[in-house]
Structures are given as structure tokens and as C-alpha cells.
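These are the structures, in C-alpha cells.
Consider the two complexes below, in which chain A is the common component and chain B and chain C are the respective partners.
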Partner chain A sequence: MLKSSRRVIYSLRLSPIRRALSTSPVKPSPLTVTPAKKRSFKFSYERSNNAIVEEPELKVPENKLDFGKYERSSYKLKIGEEDAKRIPSIVALHSRLGLSPSYQHSTLARALTCKMKDSEYADNKQMALFGANLLSFYVTEHLITEYPRLPISILKNATDAYIGDFSLCDVAKNSWGIEEDETSNLEKYLSREPKLFKFGRLRYDKNTTQVEKGITKFDDTTATSLSKATAFADSVRAIIAGVYAHDGESKTKKFIDDHILSRKVDISSMFEFREPGKLLARLLKVKQMEAPTVRLISETGRLSNSPMFVVGCFSGDSMLAGGEGSSLKEARIRSFVNSLKAFYLYRPLDTKVPSDDNFKPLFVDEGEPFY
Partner chain B sequence: MLRDPEDILTSNGRKYELNEENLKPLKEYLGEDYKLPDKLLLQVITHKSFAHGTKPYNERLSFLGEELLKLSASKFVLGKKQVTSGYKFSVGDLNFDSLGSLTHRLIVTDRVLSEFASAKGIDKVFFCKVALPQQSSSVTETKNYKPKAMYSTITSSLVGAVALQHGKSTAERFIQENLLTDILPMVQKVRGGK
Partner chain C sequence: MVGINFIQQVSRARNGVGSFVLPCKKIVITYCNFGGSSQGMRDFLRLKMKNFATENPEVEFQVLSKPGFHPVIRGFYTNSQTKQICCRKWNADVIENKLKLLINSSGRQLVKPKQKVVSMNKSVRGIWSPFHVDPSQRYKI
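Coming up: the complex of A and B.
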């Protein structure tokens, strides 16, 4: 009795292993294929820069290089300058942004109209594309001049932090005060709002992702539907393209400096070093400097429960960076990270970006062999 | 075991060195107007894949160059306004309708930029390490194998280097006078073929 029960327990214990080890002659049922997980967002410079306008919605002239003759076939209506000036939110936005008198109000109205299904109004899609071109050049130029040694992956992240959809959405919503057109036609009618006023708000085909409880979702996503962040960001890009069209490039540069590049982006927090000690040792070897040594500079309360150590990371006689921590190991690793950051975040003094007047040749980094 | 440095520092039978012979094709192409320092020129013709990235390479130059190329291409497309003055949907005399069309998108592509580099002969000396195609292809084919993504960086990093050395306005003039005049016929050829 005892023996048999033991055997049962033994076989029970082994069973999962046996199943794993056995090679069954029967072909296993195919695994259910889970679709590859899509990235929830793309970097903005991948998206708006690469907007595509295909042939059916575009009238292409015989000579394809005659770019002045291209026409969008869906365009039939346009908010005129007189009408645009009667929309309070457009007038308010115009003066809030400090736009010049030559900047037409109708351009702002167009910048707030995204491409929508069955819409006959001129939209901001292509203006946003040009705005994205302007933004990504000026931001890249700024970053390369300010931080010539920034690794390319961090450079891309920093660009995105300045002009990504989420950042530009923040600019549009929170500092420029652009509003979304959320009310239905019935609500507008009941509140006796003039029909024209909707052109003063951001209009786009919403990409519904979250469904309220008790509501059945039916998929109404079309080719034109945009996420909230993209729609807001595109309006910013289109407004910047408008500045270029009305006031020229130097004003555009000033505008980008004032509204986008003036925002604070903490680049040093974008670094993440797996093995800072190894990385630093290799970096110094490539730069033909002596291997790093860490020396204790000062310490307090080694025997207490809250000690503090301050160390310095040296290459030969020159100190690369300091580090502090509550243990020797922590301080050491911090000093490695700080010396790596001191290298990558090197900033030359009195720099001028290539688009400035009296430009002097810039420091060009050689590019790092790792990171 | 370390690899032979001679082997690593050789690409297509040419040794990596800062000498006249290596820089000759680029120097001839650039002429006096857009002269660049020798060190920068060598960096332009070195790809990240060469010698495990231990030599100065052109990634960042081409990153900036590509941004500038895209901007200039869009500006060029917008600048053609002989007919647009009366067009109802233009914004301040600029017709935005051609942006994002296939012809506009083709101007800055790896395909066209690498074709340009080979047409101008500036890809004769290029330090890179190419992942070779399948074994079955013939010897001559592997010799002429030029991946577009790699060879297009010659053109784009050249633009980036000119921008970093001479400033944006000079670089834009360089693009207008030297690049677009050759690139546009190529675009038309590609566009006509489809």
C-alpha cells in the first residue's frame, strides 16, 4: 500500500519533466500566433517627416518636376481672411503667439484643420510636413553644436524630447492654449454658437483607443484618423511652416528658438550605462589615456550608519570627475558615470550654430566606438 | 587573439591613411569653393562599420547632412512658384501641395544619394566593411556590391561636413548648385520608369 502510494507521488512529481522531455510522434498543434507587439508610438521625425500624399488625392502635372503645378484634388473650400478674423480664438492665438501682421489669420485656421475624411477644406498635412523638416533641422543643428559628442541614440532621443509628438502636444495645449473641437453639431446648435467658430479649434478624426464602460466599440479608424498627440503636434508644425511662408526663414528660426528650443530638456538623464567602469576603461584606451584609477578624497562616519565617501576618478594625474555615495562601491561607480557624462556632455564655449551669421567652423567629434 | 591591423585597416584593397591619394576624388569634386580640412575629408569617407568604429567616422555628419538635405529639398519644391501666385490654396505665395508626393520624397533617398555618389566618382575611396551577399554571386558582383544605405552616407555626410565647416547658407548653395542639378534628372528617371 505504502509502496504504491509512493510510486504515485513519484510519478506525479516527474510528470511535468517527462512531458517536457518526451518526443511525441504526434505533431503538436501549432502555437497560436500572437501578433508582433507594435511600438505604441513612433518618433515624430519618422512620422510627420515621412507623410505620404498619394496620386488619387493629388493632381500631378505632366512634368513631374514642375512642383508649382501640383494640386490636391480634395481641396474645394477655404476659410477666407475676412472670415478667419471673425473667429475669436484665432485672433487670440494670433496675438498670443506674437505673430507679425503679415501672418494671415486664415493660415492659422488652416493649421488647425487636420486631414479628415470627406472634408473639402484645405488641411495642414503638408504644412506639418514642412514644419517637421524645419524643426528637425534646427533642433539637430542646435544639439550637434551644443553637445558635439552626444552619441547618436541619445541625440535622437533628445530630438524627440524637443519635437516629439508629446512635447509639441504640450506646447500646443498648455502654452499656446489650442483647444480641441469636442462638441457635437447638436450641442453647438443648442448653445447658438456661430458655425464659423469651430474653425478656431483643432479639428481631426479621432483615433479612439479607450472605450468607456457600457459602450460598444465599433472600429471607425480610417486612414485619416490621428491620435490626440499627433493632431496637436501637427498643428504646431503647421503654424511654424506658416511663419516660414509669411515671414521668411530667419523669423522662423527665431520663432523655433523662442518656443521650442527654450524648453528645458535634461539630456544627462537620458544616459544609462550598464557597466560604467568597463566603458570608461575602453574609452580611455581608445583616446590613448592612462587607465582609470579611483582615489578616496574624503570620508565621514565610516563606522556610523550613514557614512559618506567622496572619491575622484583619475587618469594619470588628471581628475576626470568626482563621485560620492554612502559606500565606497557606490561612490566609485558614481565617479565612473560622472566621468563618462563629462566626456559625452562636453560643451564648447561661445558656439554658433551653422545657420548663424559670422559662423566659425565647429568642433567635429570623431564618433565613439561604443555606447 | 588579435586580428592583423593591416587586415582591419584595409578596405577594397586600399589602406586607411591620411594621404593625397585617398582624398583625391573628394578634393577634385569639391574644388576650391567648398574646401574642407583633410582630416574631415577622411572622416567623410569612413563608415562606422570600418575597423570596428575605432577610426573617426561619418555617422553624425550624415545625420546632420540628411536633415539639411530634406529641408533644402522641401524648400526647393516650395520655391517653384511661377504658377502658384494665383492658386487659391497657397499660403503666402507658397504652394504646399507637392510636399509628400512621390517625386518629392524621392529626392532624399538612399537610392538616389548613393547613385549620385557613384556618378560623381566620390565613392571610389570609401572605407567600410560590407556584409557580403550570398556566396553564390560571382566575384565581380561582390566586388561591385555597394549597399545603398552605406554609400548614401558619403553624399549626406559631405553636406553635413560643408555645413559644419562653412555654415548653413554655403551648404545650401552647395546643395542647390552641385547636388540638386544632378539629383533631379535621376529622380525623373526613376519616376518615369515606374
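Coming up: the complex of A and C.
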């Protein structure tokens, strides 16, 4: 009697339509629209603030989608191609990066000039902005096709690991060998360096100043001051925008593939699960699989000071993942984490990104409805 | 995402995967205009330097006169290290070989490798575990 009644209740609970149709004496409360919560945290690759350039300052090409042809005319001075070819570090950098002959040396010199307070030379601000958009497009499409099940937070974090300020700073400084202009005008004069040579190094308004030896003043912020990492990263972004302007889209994609996406990022170590058991149970419920059960596979030294347990996390008969640890609890949690990672880090074979020629979309999942 | 935190990371360079960027970015050559130990260096600068520099466009060359000192070649690398070689009394051919040595160097300090393979990737096979062996086959103490 009791059993059957329980079953009835259970079936009622499972079918919301029938319950709604049977009796609904209470009027449902009106839907309230809660304003979407604004995310306060932003990754460095998302942080670029778009400086609006007014129409008269901009030469718009006839085809407005021809992004490489936009030109700014609000600066007074520009380093010419002839001058740029006389700067040794620019010529060396051009050759070291394997840029095509159509890539002008003056663009490279401009890419190394950040917006500064007392400078009338053409700066890389708009170029860096466009380069940042190119980078985030190609890196995001690469990650989404490579790991289609990544949660959004991990996806953004992985994008930041590729194209965040610190990563691009490492590209500029430790891979490409871009140097910062650190000598003062007096030092340059004393070393008899030609004035032109300073355009071959990265120049920007620093937001820290060396007051005296051993004392650094931080937060020296003006409208144009940049941190070291941002300035270096902007130079990389600007150089990539230059590739687009001179060589076109497909070369840019190749350049980003070779120089940015070829770097090592370990996505599996980015996850930090707060309650892995709960998450796994919820995931399996959504996928209409049986609830997770953890079974002991083997063990050794239970009564010693260094025991070892190997467990498997099962859903029904299928094992999702194994886990080992020096206590049963540790092994259990590790098996949960491993099975969650086995789901989220799924990689389809022979992936093609949407910007590839013969791209075919792939249906992987219906996604996760509980987020 | 609810319940999943992220740990921030910075990508690591793998020079040669995708693209190769020469680590040697600059070479400074110093010589003395009258010293006997600079004879070979003066020959090199007069006869071979122009060709050598055009053959290596990736590297920025700087030639400085430093009267009264032995000739030195100094390489600057992208990992902010420098390597310097004193070229005292060497002839032009030896100096050219030493310059090639600087250009082909990665800039890292010379160390004796402890492992035969150095890799950023985890082992594909994983560590051998006695627990995954079939119980009937296990080694019994």
C-alpha cells in the first residue's frame, strides 16, 4: 500500500505537465525580470578600452569591410619607410619574425610606439586594438573546436593564457627579442647613438618610476601610462594587425597559428572544482545516466603509514574514470575530478575551425542547461 | 561557472614548434685600431664583415672601436643573457667560426642534462602502477 502510493507521488513529480493540468488553485506569481549581473572581473585580453576616433581623423576605404585599409590622420609625424629601413633593430626584427617583403618596416616601427603624452608620432593604439580582436577571434575559435565541452570560465581563462598581457609580453620580450627603450636622452647623446634608433625599441609612458636606486614609485597613472606587460603585449597585437594590413587574412591566421597557438598551455590543470561529487552527480542526471558510485579496485598497506587506494568512479556498469590516493576519501574525490575532466576535456578528431575552407559543423552536445 | 573555479596560466614558449625565431638578436664587436691582438679582427671587419652581415639578417651587428683593448665579440640573446668571447690574436677565419657559434647558440647557460629527454608534456603512458595488474598475476611478497 505504502509502496504503491509512493510510486504515484513519484510519477506525479516527474510529470510537471500532468500536475499543472490537474489542479492549480493558486495563481502563479508574475515573472519578475532580474537585471543581469554585471561581471566585475575581466581578463586582460578583454580589457582593451576602445578609444573612439572621430570621422575626420579617419580615412575610410570604399569597401568598409577592408579593415587593413583604414588610416588615421590625427598624428603629425610618421616615420617613413626609408628612415625605418635604416634602423638596425627594425630590420633585424623584420627578418627574425619572417615577415613578408610587403610588410613595411615603418609599420614595425609604428607598432613599437605606444601612445605617449608628449609625442606627435603615429602610435600603435588603434593597431593594437584591431590586433587584439583578431587574436581573440582566432584563439577562441581554435579552443571551441578543439575542446567543444569546456565550461565558459575555463574557455575564457584558456584564451587569456594564450593572449593575455603576460603571455604576449613573454612573446614580445623572450621570444621575439623586442627591447624596451630605457636609456635617457642624455645617455643616448653621450653614446653617440643616432636619434632615429630609438624608434627601433618599444617606447611607452611607464606607470612606475624609479625615484632613486631601490625606490620605485607605483601608480604613476596618466591617461597614456601603461604597465610593462600591457605595453609589450600591445606591440605584439599591433604587429599582428600589421600582418593583416599588408598580407591579408589568411597570412594573419598562419602567423597567429605559428607564433601564438603553438605555445604550450595545459588546460587540464586550469580546473578547480569546489564540490566535484555534487557537480558530477548533477552532470550525470542531466545526461540521464545513473548516479555515480565509487568502487574500490585495489589497495595496499591500509594499516601502514603509506597506504594506497585505487578506486573507480562508475555510472551503472561503465567506469568513468579511476582515481588513486593515500586515503579512501582522497581517492574518491580524485576519481570524481578525473571523470569530470574526462567529460569537459573531450576532443573530437580532425577538427576544423570555422574560418577553414571546407569546414563542416559538428554536433557535440546540447550543452548544459543548469548554468 | 558555478562550482568550477579557474587557475590562471601563462603560455610557455616552444621555439621551433610552429615557428622558429633565432634567439640571438644582437652581436657587438669591439676592436682596437692599432693593437697587434686586433690584427685578425681588423682583417675580418675589412674583408668579411659585409658578407657575413648580409648572410645573417636576423642579427643586429654593432661594431665599436675600443682602443687599447683586446677584440671581443659579445652576443645578446632573447632570454636577456649575453655570451662573450675574447678574440685576441685570432685570424679572420677563426673569428668567423666563433661568430657562427654565437649566432647558433640559444643563449642558455651550458648545463649537463640529467635526463635524456626534457619535455613539458606529461608522460603519455603514465607511471606504472602495481594496482592495475590482474590480481592473479601480481607479485606476492
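We adopt the following convention: the second predicted complex is superposed on the first by the 285 of 371 C-alpha atoms of A that agree within 3 Å, B and C clash if a C-alpha of one lies under 4 Å from a C-alpha of the other, contacts with A are read in each partner's own complex, and residues count from 1 in each chain.
Basically, contacts are C-beta pairs under 8 Å (C-beta built on N, C-alpha and C of every residue); 3 or more make two chains touch, one makes a residue touch a chain.
Small disclaimer: the values here were computed from a predicted structure and weren't measured.
Shared-chain residue A:I152: touches chain B and chain C both. Judged by the touch definition given at the top, the superposed model places A:L296 against neither chain B nor chain C. In the superposed model, A:P354 lies in contact with chain B only, and not with chain C. In the superposition on chain A, A:D170 makes contact with chain C only, not with chain B. Looking at the shared chain after the overlay, A:L190 reaches neither chain B nor chain C.
Within the superposed three-chain model, A:H246 lies in touch with chain B and out of touch with chain C [touch as defined at top]. Touch criterion met: A:R110 reaches chain B, while chain C stays clear of it.
In the superposed pair of complexes, A:R263 makes contact with chain C only, with no contact to chain B. Applying the stated touch rule to the two superposed structures, the overlap between the chain B and chain C interfaces on chain A comprises residues 152. Interface of chain C with chain A (complex): residues 1-15, 17-19, 21-23, 25-26, 57-62, 77-80, 120, 129-132, 135. By the touch rule above, chain A contacts chain C in their complex via residues 88-89, 91-92, 95-98, 151-154, 156-158, 160-162, 164, 166-167, 170-171, 173-177, 257-266, 269-275, 278-279, 297-300, 308, 310, 324, 371. Interface residues of chain A facing chain B in the complex, by the touch rule stated above, are 49-55, 58, 60, 64-72, 75, 78, 102, 104, 107, 110, 122, 125-127, 129-130, 133-134, 136-137, 140-141, 144, 152, 155, 241-242, 244-246, 286, 353-356, 359, 361-362, 364-370. Only residues 40, 43, 48, 52-61, 63-64, 67-68, 70-71, 74, 76-78, 80-84, 87-89, 91-105, 161, 163-169, 171, 184, 187-188, 191-192 of chain B touch chain A when the two sit together in their complex.
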